[in-house]
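In the two assemblies presented below, chain A is common to both, partnered first by chain B and then by chain C.
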Partner chain A sequence: MDLDIALILTQDGITSGAVYALLALALVLVFSVTRVIFIPQGEFVAYGALTMAMLQQGKVPGTLWLLVAMGVCVAALDLFRVLRGASSDGLASSLGWSLGYPLLLAALVNFLPASDSLLVQAALTLAIVVPTGPLLYRLAFQPVAESPVLVLLIVSVAIHVSMVGLGLLFFGAEGARTQPFLDAQFALGSVSLSGQQVWVLLASAGLIVALWLFFGRSLYGKALRATALNRNGARLMGFSPVFAGKLTFLLAAFIGVLSGILIAPVTTIYYDTGFLIGLKGFVAAIIGGLASFPVAAGGALLVGILESFSSFWASAYKEVFVFTLIIPVLVWRSLTSHHIEEDE
Partner chain B sequence: MKMSKLAALLSTVALFSSQAVFADITVGVSLSSTGPGASLGIPQKNVFALLPNKIGGEAVKYVVLDDATDPSVATKNARKLVSEDKADVLVGSSTTPAAIALSEVAFESKTPQLALSPISIAADRSHWVFRTPQNNSLMAGAIVEHMKASGVKSVGFIGFSDAYGEDWLTAVTPMLAKAGIKLAAVERYARNDTSVSGQVLKLLSSRPDAVLIVGSGSPAALPQTTLFERGFKGQIYQTHAAVNQSFLSVAGKAAEGVIMPVGPVVVNAQIDDSFPSKKVGADLVARYEEKYGAGSFVPFVGHAYDAWRLIEAAVPLALKKAKPGTPEFRAALRDALESNKDVVASHGVYNMSATDHFGLDRRARVLVRVEGGQYKLLGK
Partner chain C sequence: MNTTRSAAALPLPAAAPAGIFCARNIVLGFVALLAFAPAVLPEFYVTLLNYIGLAAMVALGLVLLTGVGGLTSFGQAAFVGVGAYTTAVLTTSANLPGWIAWASSPWLALLVGLALTALIAVILGSLTLRLSGHYLPLGTIAWGISLYFMFGAMESLGGHSGLSGIPPISVFGWTLDEGREIFYLIWAFLLLAVLTTQNLLDSREGRAIRALKGGQVMAESMGVDTSRARMIIFVIAALHAATSGWLFAHLQRFVNPTPFGVHVGIEYLFMAVVGGAGQVWGAIAGAGVITILKQWLQDWLPAIFGTAGNFEVIVFGLMMVLVLHRAKDGLWPLFARLVPAAAPLRKIDAAAKPLPRKPMPPAGEVILEAKNVTRKFGGLVANNEMSLSVKAGEILALIGPNGAGKSTMFNQLSGVDTPTSGEVLFRGQSIAGKDSRAIARLGMSRSFQHVRLLPKMSVLENVAIGAHLRGSQGVIPAAWRLDRAEEARLLREAALQVERVGLGEFMHAEAGSLALGQQRILEIARALASDPCLLLLDEPAAGLRLKEKQALGDLLRRLRGEGMAILLVEHDMDFVMGLVDRVVVMEFGQKIAEGLPEEVQKNPAVLEAYLGGVE
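Right, the complex of A and B next:
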């Protein structure tokens, strides 16, 4: 191995690490606010990438009908609650979001001519897939929000399995790749960088900075942090945990779908690719103790680089290296931190 | 409540007894139509909707189950098919591990099996098992011959880290040694890997004249595109499992010039009329694409259809000896599958024998090259 190969491998590792970092951030965010270990995070990556691919092929993606169906379920739940005597405050706006928005979007996708612009396609993909995040929270997690972590984990495994199954139904078994945003090559010394890799790095860095600003400066971001620290305290201060949950899932879905759109031109995505990407993000999130954003991001880069070097040295054992990383990390964490029993 | 349970029980009994009265031939099928093998299993499942429901004047029932590409589910399916549905013959599965799981049950229950994947198992276990796809060594032979003829001196290998990749490596290694071609590097990757840069760099650092990629369908495209991006100028070879439209659309311009060994049915319109399988193949492609859309035909469809051709040819012989649903019928069916000669199917002509349960010969392979986003027959 010479310096050139090492540089290329590092560059490749950093690119995949950037995506793992985004997913790790989403996992840490979801866990700290809602205590859900969000296994389907990776599915949003696959849904985003494949929805984009289907739009590029001029087809109507199945995820659109998923959005409509989930909206109908949420609307039915809301109406049922009102019929049972709950207050009808906010019913109109809730119906508007759960029924009006998906139907409007469906009409838009079906009747407007398909656009060739990559930005329009990306925006449409985000508009279709991201809202399934909060709808998912409303349908699956809100009714059991106060349950122990284990119950929430089981629910999230169930969602993962159903989302993979639906993915096969929507997108078929074969993989897809989308057109690159930037079909250019940059020479940096002896290493050449593809335009898409630059995109991935820039977008990841931009998103991390945006999240940092959101949590540090904005009121909603601070409220989410408050909920993460103390749910009851935040509720007493007038910040609804239901709203916090939906906002968190919106952000998590957004991060997932955006990662999907970013990597779809670099690699082939299958309906079940998301799980493995999500798991690697999860390893990084564990390195950050499911609590620290910067450590998780650093861990993600470590996972990416480790993966790329082990694929060079011993490609048959690549995943073994990546997932074995979690054992020393757990040992180190259990030695250095005090374990606090969760009150269950 | 009790009454309804009783009724359910009675109707179940009635159902079973009715099966026993009308002794149809039962074809038990387990396919990987979900899970990682879905790209093989879904088209194969489609085939069973096209098949006639009579063989030799006897009614045929197809029980098609999904094994989710999971060997343990495949075993469960096989036991159900054998004990509950009284299957006379097992077909499946699409992927190697699941097909091996079925073969265990086929062996125990003495039921003939037509595997849709080129599995290698011990000779005594193989007694009841016949395979419809081409033997990997048959296909590897075509590639090695082409390498030798075009003066390739060293080859890099990158394959799936599963039974398919392993089987190809075992098949191709002695052939390369015999042809005096050096196997310069052996790398592995997984179906849903998002990057193979590391492996490709390792391959390129060994400076091979050619690279052999062993993968299936669209996952075979990732090493192809990565080699293209890294500026590899040598010849790239793929295997017959990679052949479908998704491979072409995902690999795009990186696929140009790649050479792959395939069953002649893939380029049916281009092959010579002297190919005995041409008519059967053309007929199958037309019927399949009529129902599932133009360009939907993949070679895996042919493997499932060929299993039916073999059964169709064997059933009349077995019917002379015993009634369907009996162990004697299953044994007679197995003997007929083994002794039948020159069964013309979509991929080629089958001549099974006691020592060869693959049955296909050189007439079941041609080399194609990808040109302008199409599979083109080589050497025409």
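Right, the complex of A and C next:
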């Protein structure tokens, strides 16, 4: 291996590392606010990429019907509650979001002419897939929100399994790539960067800064941090944990879908690719102890670089290396943490 | 309180109640049906039953791991793969290296596979089992994926196309080369596994495993080595999986990596949860439901959707979510309700030989002594230069207003926490750096401020956990019922302690069904079962009614009369003043008074601490 190859590998590693960093941030966020280990995070990446690809082919993506179906379920649950005597305050707005929005979007996608603009397609992809995040929280996690982490994890894995099956149904077994946002090549000394790589890096950096501002400066961001520290305390201060859960899932879905849109032009995405991508985000998140954002982001870069170098040296063992990395990390975690008892 | 129903929820074998529908007859009937199944059922159903049996064996391991022990693994399929690949390699390679060539028969390959699996499980377990709750399952996903990709990547294992030509198993010259024949072997292994697992759970070691769910501090302070208990169930679950893999390889006569991926591992966990993760028979129920459903869905869903694919996972995922929302104990309790099998009451053998007791130290000997104990948390000094001592045949009360540092002091004395400076001597030995088990072995036992019982276990069994260190039979004798003599002695001792604290009428009731005050008393019985010379009681009278307090007071007086040293942390002044010999009063982490109850009651510093001063 010479320096050029090393540079190219590093650069590849940093690009994928940037995406893993985004996912790791989403995973840390979801875990700290809701205690859910969000295995389906990767499915949002795949759904985002493949929805975008279908829109580019001028087809109506199945994710749209998923959104409608989930909206109908939530509306039915809300109506049922009101019929059983719960207060009907806020019913109109919740029905508007769960029924009105998906149906309106379905009408838009079906009856308006398909747009060639990448930005419109990306916006549409976000509009279709991201709202399934909070709907998912409402349907799957809100009813068991107080359960032990283990139960939430099993629910999470069950959702992942279902979403992979649905992905196969919606998108078929064929992989897809989307058109790049930027076709240019940049030369940086002896290294050449593709436009899409620059996009990925810039967008990831931008998103990280935006999240930092959100959590540091905005009231909702601070309220989420408060919920992560102490759920009951935040509830007493008038910040509903249900709302916190939905908001967190909205953010996680947004980060997932955006990552999918970013990497779809660089890698071929299949309906089940999301799992491995998401798990690499996990390896990074675990390096950060499922708590620290900066360490998780650093871990993500490490995972990306390890992956690109091992695919050069021993490509058959690429995944073995990445997932075996977690074991020394876990050992290190177990040696450095000294808690006595996890009181439920 | 319906003791019969509650006991039915426990994963215990039935003894022999009257009636034709007793659990033993139902099991015998089930076995008889199984024996005739291959003779009458069409090939297709025999095959289905074979796969149910194989899956149930893996799910059974998960029942032990997840339902009983509270640990979870998504990586069991990888262990199935280790079992399957080991036998595939050993029985198909023509030119094995000499040192392993002896293992080319399937039966020897099974032994090698089990040994290899145990080795891998011990390594993975020692790396991941120490981690708290959610890291373990994440770790299992990671190594599940790693092992799966290894199977696919290694040339010697045939890569992704796999290994074929695996010979059938022979039993005493009978070659099991048809599904109908290996059926008997699969189900014999499975029923044996169910039987031994049930036996194990109903034993000293089994109680230790079940105590894992009650929290580490409780189990450790009763002398249970929790890391060992976790490792035991992890290895047992892995061995079950590897055995299933061995049978699978010889049934299929071919292996490739696909059935050992992490998604198959997830399916095994679904089986355990759907069946009812706390129930031994739930493993078979869950494996049956999921395997049959999978068969149907694989026929129907592609026809409905008009394309081929593994769409059954959509339904499985949604089903899991529904089960976890609506029926957390899985489907087995629903099946069990259909057959009103009377549950056993545990027999207590009054004639069993009593357990040996340690001699009590002579009255007046200093049992526990704290010397200038200081505990700092960062800048906060929770205990400052605290000294106290407890003698044999004496009750000492540690009192003080809220936030005085009593609980921190209690943790220093019981060895849960280590002082920043100063030392705690128990019978002359420093307990600094000793683990809770070693301290329990020396004869210190305790109760907890927030009651730590296993609510689903009977009063008797909860108390028997306390006697853990007074038995020695391990996993294998327990699985094969070679431990019954010792078990009878342990249960007799537990029953004596239950009677002694006055809970005899609740002997077989679920601990969780008792009132809070009775649960506190139950904790004292559990502590007594360890044959201690020192009892540390954390607010034993909280939540007790007047009569119960009087009974508790009488009990403690009797224990004192027998030479027991007792230290209690308490809020209830009436209770303390009428009972104890000496009082130590704490405020702001320091001792402000010590002496006879009457003296302390008149001490101005104490009055100030409690009443805000007397002007």
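Worth pointing out:
In the analysis below, the second predicted complex is superposed on the first by the 341 of 344 C-alpha atoms of A that agree within 3 Å, B and C clash if a C-alpha of one lies under 4 Å from a C-alpha of the other, contacts with A are read in each partner's own complex, and residues count from 1 in each chain.
One rule holds for everything that comes next: contacts are C-beta pairs under 8 Å (C-beta built on N, C-alpha and C of every residue); 3 or more make two chains touch, one makes a residue touch a chain.
In this text the structure is predicted, and so the values were computed from the model without any measurement.
After superposition onto chain A, partners chain B and chain C are found to clash with each other. Of the two partner chains placed around the shared chain by superposition, neither chain B nor chain C is touched by A:Val209.
Residue contacts after overlaying the shared chain place A:Arg177 against chain B, while chain C stays out of touching range. Contact with both chain B and chain C is seen for A:Gly165 once the two complexes are overlaid on the shared chain. By the touch criterion stated above, A:Leu112 is placed in contact with neither chain B nor chain C. With both structures placed on the common chain, the touch criterion links A:Ala86 to neither chain B nor chain C.
Of the two partner chains, chain B and chain C are each touched by A:Glu319.
Shared-chain residue A:Ile5: touches chain B; no touch with chain C. In the superposition on chain A, A:Ser16 contacts chain B only, with no contact to chain C. Counting the residues of chain A touched by each of chain B and chain C gives the higher count for C.
When both complexes are overlaid on chain A, the residue A:Phe309 reaches chain B alone and has no touch with chain C. 165, 168, 172-173, 276, 316, 319 are the residues of chain A that lie in the contact sets of both chain B and chain C, per the superposition on chain A.
Within the complex, the chain A residues that touch chain B are 1, 5, 8-9, 12, 15-16, 165, 168, 172-177, 194, 263, 266-270, 272-273, 276-277, 307-313, 315-316, 318-319.
Contacts from chain A toward chain C in the complex involve residues 37, 140, 143-144, 147-151, 153-155, 157-166, 168-169, 172-173, 276, 279, 282-283, 286, 290, 316-317, 319-320, 323-324, 326-327, 330-331, 333-334, 337, 339-343. Against chain A, in their complex, chain B makes its touches with residues 34, 36, 38-39, 41-42, 161, 187-199, 201-202, 205, 217-219, 221-222, 229, 244, 246, 249-250, 252.
On chain C, the positions that touch chain A within their shared complex are 66, 70, 72, 74, 124, 127-128, 130-135, 137-139, 141-143, 145-146, 149-150, 152-153, 215-217, 263, 266, 269-270, 273, 305, 307, 309-314, 316-318, 320-321, 324-325, 328, 416-417, 450.
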